[in-house]
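Given below, in the form of structure tokens, are the structures.
In the two assemblies presented below, chain A is common to both, partnered first by chain B and then by chain C.
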Partner chain A sequence: MTGANIALSIYGGGDVLDNHAVPLQHYPMTQVRYFGPLTELSGTDEEQLEIAFPIIVGELRAALEQKHPALSGQSFRIAVDAVIRESNSTITAAGEVACLPAFAGG
Partner chain B sequence: MSKHTDELHDEFHGERYLRHYELLSEQARHRLLNTRFIVAGAGGLGCNLLALLVRIAPVQLEIWDPAVLDAPDLNRQVLYTPYDLGRPKAELAVERLAAINPGIRAVGHVQSLNAHTYNELHQAASPPTKPPQGQPQTPTQPTQPTQQPYSAVLDCLDSFPARAGIEPLARELGAPIFHGGVELWFGQTTTLLPEFGYADAFGPDFSAKPPAAKPIMPHIPAVIASLQVAEILSWCENPDSTPLSGVLCLYDGRQHRLEHLRWR
Partner chain C sequence: MSIFVDGGVDIGLVAHAVAEFNRDRRVGGQNIFVGQVRADTHPEGVVTGIEFTAHREMADAAVSTFLKRIVGHDYIELTASAADNSATALPRVFIRHGLGLISVGEAPLLIAVGTERRDEAFRICREILEALKSEVPIYGKELLDSESHKWKVNQ
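Up next is the complex of A and B:
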């Protein structure tokens, strides 16, 4: 992970997963939702996380994979406030983050 | 309008369309009759989508599917029965759809659809013919589709590599793709108008997405196919914009939730 500014912590706990170079401050809570098989892999439909903005989508994804290792290697995209974002785009704020797998079958 | 389409237009006034005819604008009716619907896949999505579409109008269909019917298909592929096992689905679908609406013009191709197979077949094909006057067609032998001014590609495929194969064809035809995808308890649909491709909706690596998990609940393709039909009707009303052009609609069949996420 290249992120020098990622603070992804569990709601209410201050259990910072990756806090290198993060100043001691609080960020607004962001709702993170998981769809399809990602709910089982993450163990939850949704959770509240403290995310340090701005953050690049790819870094956010890496942090989520660090929190939920079963997500690693899974194919999914990330939507921010109901808009699907490219992995190299920067998020400056988010009320809701959604992790979206694609369903291939017919 | 061609003479053929005039006849279809007259037929479209028939009693069997009475319950919904007035709900469609003249523009939508015109487009329904003048579009060649190129259907990629006659499986769970294809069966459900087509069973609805042929009830709406005497549409023109090309149905492409290389597979034969297997027993596990019977949980969701609503056009088929156990007596059909081992038969090509593209042929079965044409038979069953013609029985539902003998007014359709349909042909089945027991092949995968892509730009190469489509062009090879259409360049080799002789001009389409109509049955001689006074010789009614049987429900299981619909006439061939004729050349139509509009085309639409209905994505009822079961893998992303296969979808990568139909995108160049849609681009060549200037046709929208009505996408559906299903797996487990979940499904998604979106509409790719001609200026967009799968990479816009699913990311640049879309063709490398893993194959679908085998389990699938039977109602999931029914829901997604219904949404695809709704999109087709929206496109017939307004080909420049539909509710799901640029929007991915996700369905969670356990929570009964529909989510809409913009991809442009």
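Up next is the complex of A and C:
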């Protein structure tokens, strides 16, 4: 877990992935999508989450793993608005977050 | 234009692609690859079909990116060249990938490549196949006769 201060709480009817000690504001809902085997490990294809931006990709991943413990230890990349991002990059806003395990087309 | 279609790829499109490339007087070689769902036997059961899903927006973008790298131009649908083949960039490429449930014996993939010479027809077809497997967010859930399933892993 990269940030011990990541708190996962629920308010306003949506789940909140918040890395601030005290939630100061509401953020737009972000669509989080899971693909391949991650759909079973998370129990869903997609969900609406309130994410406290800015957030580092690694912190977002840790928060998602906290919400869905079965994702821990899984190999997957995170795409923000259809672009794969490095784990140390900062996301300032996102309409969609996609969790992508190894591809299996063809 | 997207290469993705619902369900198995219509194999009649092989003849369509060949005929279209036949009309292109610059083409000297064609190579066709058809991927087919195989009845693999796993300890958990025998594969009866694969349910393919994809992140469509990212998949379309990934196809565009690898085609520009491999053949030097974006995807051009066959019908775009009907009147004047010389207006269509070589190499000629026709690709379809199925999504949704595709049963054993059906085809999730068709790649047709038309080039001036044979070597590049084989090479480009192979490179497109490998790029489709490694660079495009597509997933396959193998459905088994035991009513369980297994997630497809590309070798």
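Going forward, the second predicted complex is superposed on the first by the 82 of 106 C-alpha atoms of A that agree within 3 Å, B and C clash if a C-alpha of one lies under 4 Å from a C-alpha of the other, contacts with A are read in each partner's own complex, and residues count from 1 in each chain.
Just so we're on the same page, contacts are C-beta pairs under 8 Å (C-beta built on N, C-alpha and C of every residue); 3 or more make two chains touch, one makes a residue touch a chain.
In this text, all values refer to a predicted model and were calculated from it rather than measured experimentally.
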Touched partner set for A:35, first chain B, second chain C, both or neither: both
Touching partner for A:75 - first (chain B), second (chain C), both, neither: first
Contact breadth on chain A, by residue count: chain C or chain B: B
Contact residues common to both interfaces of chain A (with chain B and with chain C): 35-37, 79, 82, 98, 100-106
Complex contacts: residues of chain A adjacent to chain C: 33, 35-37, 79, 82, 98, 100-106
Residue ranges of chain C in contact with chain A within the complex: 35, 52-55, 57-59, 61, 97, 108-109, 129, 132-141, 151-154
Chain B-touching residues of chain A, taken from the complex the two chains share: 35-37, 45, 75, 77, 79, 82-84, 86-87, 98, 100-106
In the complex with chain A, residue positions of chain B that touch it: 41, 43-46, 156-160, 180-188, 201-203, 205-206, 208-213, 216, 221, 248, 250, 252, 255, 259-263
